[in-house]
Amino acid sequence: MSKIKVAIVGASGYTGLELIKLLLLHPHFELSYVGTSEGGGRLGDLHASLLGVADMEVLKSDPKEIAKHCKLAFLALPHKTAMEFAKALLSLNVKVVDLSADYRLSLESYEKHYGAHLDKEHLKEAVYGLSEINREKIKKASLVANPGCYPTASILATIPFARFIKKNTPIFIDAKSGVSGRGKKVSESEHFVNINENFLSYNALKHRHEPEISEILNTQNISNGIFFAPHLLPITRGMLVSVFFQVEGKIDALQTLKDFYKNAPFVRVRDEAVSLKLTVGTNFCDIYATQKDDVVFVSSSIDNLLRGASSQALLNANLMFGFDEDAGIPKIAYVP
Amino acid sequence: MSKIKVAIVGASGYTGLELIKLLLLHPHFELSYVGTSEGGGRLGDLHASLLGVADMEVLKSDPKEIAKHCKLAFLALPHKTAMEFAKALLSLNVKVVDLSADYRLSLESYEKHYGAHLDKEHLKEAVYGLSEINREKIKKASLVANPGCYPTASILATIPFARFIKKNTPIFIDAKSGVSGRGKKVSESEHFVNINENFLSYNALKHRHEPEISEILNTQNISNGIFFAPHLLPITRGMLVSVFFQVEGKIDALQTLKDFYKNAPFVRVRDEAVSLKLTVGTNFCDIYATQKDDVVFVSSSIDNLLRGASSQALLNANLMFGFDEDAGIPKIAYVP
Amino acid sequence: MSKIKVAIVGASGYTGLELIKLLLLHPHFELSYVGTSEGGGRLGDLHASLLGVADMEVLKSDPKEIAKHCKLAFLALPHKTAMEFAKALLSLNVKVVDLSADYRLSLESYEKHYGAHLDKEHLKEAVYGLSEINREKIKKASLVANPGCYPTASILATIPFARFIKKNTPIFIDAKSGVSGRGKKVSESEHFVNINENFLSYNALKHRHEPEISEILNTQNISNGIFFAPHLLPITRGMLVSVFFQVEGKIDALQTLKDFYKNAPFVRVRDEAVSLKLTVGTNFCDIYATQKDDVVFVSSSIDNLLRGASSQALLNANLMFGFDEDAGIPKIAYVP
Amino acid sequence: MSKIKVAIVGASGYTGLELIKLLLLHPHFELSYVGTSEGGGRLGDLHASLLGVADMEVLKSDPKEIAKHCKLAFLALPHKTAMEFAKALLSLNVKVVDLSADYRLSLESYEKHYGAHLDKEHLKEAVYGLSEINREKIKKASLVANPGCYPTASILATIPFARFIKKNTPIFIDAKSGVSGRGKKVSESEHFVNINENFLSYNALKHRHEPEISEILNTQNISNGIFFAPHLLPITRGMLVSVFFQVEGKIDALQTLKDFYKNAPFVRVRDEAVSLKLTVGTNFCDIYATQKDDVVFVSSSIDNLLRGASSQALLNANLMFGFDEDAGIPKIAYVP
């Protein structure tokens, strides 16, 4: 069977690199087009680690050129830029998995947090690409909005408890991410000396992933207020999220997780506290829960660049093209 | 004025080392006795960093020997062992600052979490050594129970809101500590490879610092349930604590902190999210707060070995002997 | 074509884990036997990262059981233990790739540095498994002595200059390794606090890899004295080696590397200083050289657990069974 | 005795911050003027760690204003800018300790590596501020050229062997520095992700500290060729330097160090391999040596910002004003 040709638009960043790495090994997709905003050079120039591994040309991203051969494009672009490409590609019958925030929120919420939306038409039909809740919709989608990293870990930790969470009480999410989550931008905040041996919160209760979490939980019958405080870990990759909430009635929190995810191929419920490092390099979300009185504490961990971005995007692409959900999806952690 | 001679019992660990470092520079105390469980060698043998700095003999800890010259002893010992020494030293008229958990809790709570207490008599008179709430009592105390690191950061973040926290709602504390908080013990959990580029929770909702926080907050009119989840940061020292709770009525959270701590010499209220690294090397507790709806998020940071142990112990000793509170107390962070 | 069944003996350590990870994805080998000194449990118990990935039983290593199905065994064992297993397995017609030092040195050198050798017979026929110098011999070998990590990086950096290095002058090797090179042993030296933000040399001019480097270089016509100083990097994996020597006559050091390795599939000569991180996760050895006056500086980098152990072992196995040299050999770095 | 007023010119960088930290605690100097290129704000704005510690105004650096009160200025400026200030300050009778490279080299060497020199007059009278070789000259100097960090560690490791090093053989220096040595500049090279879990050489055999080392060793009767290869460690501060050379005749390398430094207050000769972390926070240079055949390996460690810059500058100032050499000089490492 010949492979399906796909494109990456925005190949210079970390999620772009992860997509390249995954697609070079994929059994059914063929990486056929690598685009950046400027184009130029070859893969080994763009990402020094790929020298001697793959030698494709890097092109200036052009929807028409993509549409000539590719049936799908992954957009690893800043928001706003993403929707321009999505609009153009969809009109040329190229399916899109968008890793930006552009199609994740309702119009109202999007415009409140990100400004004017320029592709309202497709926004309506976009499917939120979390297979654990939208598997069947993703299979039929032309446009998948790939979830944010924090929302992925936070939503997976919370939805198993939808029936139990006490109404009208807040859900607190204390999240911690490695630095690669900030992308490659170079500023004082990412200077090694300012991160190494340091730890801090940022945008507490004001982060743009908060409405994403809140809206998606709403679709899963969790309408509680979401209070989200992200922190920056002095590590390169990985994310660990703590969720605290009150429940009504008697539950066994850990068993609730196990029951909910018993058929989920990429959620591992652990009997002991999850360890971020065990998920780095994979598409797994590891989850653990414990409880005291009426309070439940859930801890979930993902690789922010894979399950929080690129491997989840690829899994969505698998579903969109009828491939096995786990085809080419990484399961083996980098550990040690 | 001749200096007051003091002893360190349990000088081999990290908090013992910090006490040595502080006392070598103190204007009014003289480090006169350095004891370990075995004794032997000199300071530069016990701690290689002290070679060429100080050349005292290291002795096998002996209360009678201590009492010959010293007016105060710092106990940097495991719980249980600490109370044996405290009991003996107090009976010999040596004042004690105990860095263990042995005199921090009520008898009932202690015995529930740590087992039988062997010095109930002194337990009654021990003063909890958090100067922000007990300054006057500490001045008159013979026995000070030095607070735990997590309780220090958690309590300081919470007490300014005593009047505002909504009754009968939980207070959630998501705490993160550097590895030095675990002491020098050598086990798989402290192996570099298992901590580096990793992050995890441990003892969530079951940590022994939870009752300590809860009991002390109770004395400050905060009787809400405390739900405490500690995490291990891949750094050597420093601690950052996030506290989430609901409030009643209108408050300006940041201003509340500023008002409460306007005369506190070792609490710095920051206008921006606190950064762990800015407190490492000092006795400062840096605090920041923000809010949304009826929820307040407080973030506090300390050096777990200094404000969370040794410099706080020294500050208590200053108070016990009528010295300036800040005599010899470090204010200048190690940064960068 | 049915796969060749292989065994791992000593699966609990880091190199054992890497072998498991590689073999689970290999196109021609099937991991059929996973042995440890005690046996018991399943893969996910032995290595928590493998939960949900593979579910094999872990057995108490037994040569006879291995020989029932397996045609090859990888020995990831301490020296001395390795030769016991090698001897038994070879006598049962199981080919062996030994990752220990047991078959790397001449008898004389081995006994000087490691003590008595118990399998002198096989020692004679063992092939040193560095494909860049012994490809054809490895293809015919029943027993391959897989090179040490330091020797791999050091030898590859030096042999291209065999014709140029000035006779009777010393070759200095300043090597730096991540902590995983020390294995899983738990001692004060591997405590996070003692390694984090630290750096130190160890066994300078006295390390047991020095004779290994020296002997192998001798076979490549480099008989200069080798002076080797290893250091411990505060990172988990990766190794960077600096080699300094004097040359006679005019050479272009970088071009010499390029010419020498122009057909080497797993050596990348870089035009700029090599960066350790670009090789971690792969079997590549990246090399760079520069020069001043009659001195050449060569810098080489490998993943100590892969090119320095497990993926190199697998490549040797590929050669021994006539498979493509690069079958299942990782080329894509973990970066970022 | 009233304190001597001093200025810092260039207070915004890491070495400027270290000077501030040291001067705030100095017994005889008073930090009276803090200047930056732009001026504005107060100390706590310039360095967030100093909030609540010191509240001086930060001024736009102006030699005339400095000369009104200060008897000494520390210049923590880029080269070229430094000499402009030095020239102006010296003409106003303000003594200068210059932390830049501007007065360290001979005119010829300076102009070859850094371009035209604009203050040749003072260059002649500048004293190289390494007290171990120039103590008496520093006492009489008006202008001290503070040594570079790499030269400090390299020279101290080498000079004890002046009589023994084999003529006409190269001396190889493999040096490793923490990231703070690069200063605060923000570029891709200092991005956390590019440094964390990484290690690399840079400017091997081409670094501008090589001629500084070579020239100073020449003044100490070591005229061998110097071949210097610096590397970047994934840590914030600290430096470890390995020196390799051949010797003639029989020597005991470690004893040679001990004899040479028996009266040096800030060099510690260690019986075991030096550990970078034991010097961080101090002005100590720790040194260790070992040998094999005719080769000696020396390993030296310093805090690059203190002994490699600011505390060495302060020690020089102590000498220039007749104070005790160790007044206010840090001896207690940050460890753990």
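Every chain is named by a letter (A, B, C and D) in the order it is written, and numbering of its residues begins at 1.
What we mean here is this: a contact is a pair of C-beta atoms (placed from the backbone, for glycine too) under 8 Å apart; a residue touches a chain by one contact, two chains touch by 3 or more.
Being a predicted model, the structure only gives us computed values, none of them experimental.
Among the other chains, D has the CA centre that is most remote from the centre of subunit A. For chain pairs C-D and A-D, the one joined by more C-beta pairs in contact is C-D.
In this assembly, the C-alpha centroid of subunit B lies 36 Å from the C-alpha centroid of subunit D.
Inter-chain spacing, taken between the CA centroids of subunit C and subunit D, is 40 Å.
One inter-chain figure worth recording: subunit A and subunit D are separated by 47 Å, centre to centre, where each centre is the mean of the chain's CA atoms. In subunit C, the residues touching two or more other chains are 14, 180, 193, 197, 234-237, 275, 277, 336. Across the complex, subunit A meets subunit D through its residues 14, 179-180, 184, 186-188, 190-193, 195-197, 234-236. Residue ranges of subunit A in contact with subunit B, taken from their complex: 169-170, 172, 174, 176, 193-194, 197-202, 204-206, 225, 227, 229, 231, 233-238, 240, 242, 244, 246, 273-277, 280, 288, 290-293, 295, 297, 299, 336. For subunit A in complex with subunit C, the residues that touch the partner chain are 14, 17, 21, 24-25, 47-53, 180, 197, 236-237, 268, 270, 275, 277-278, 281, 284, 305, 331-336.
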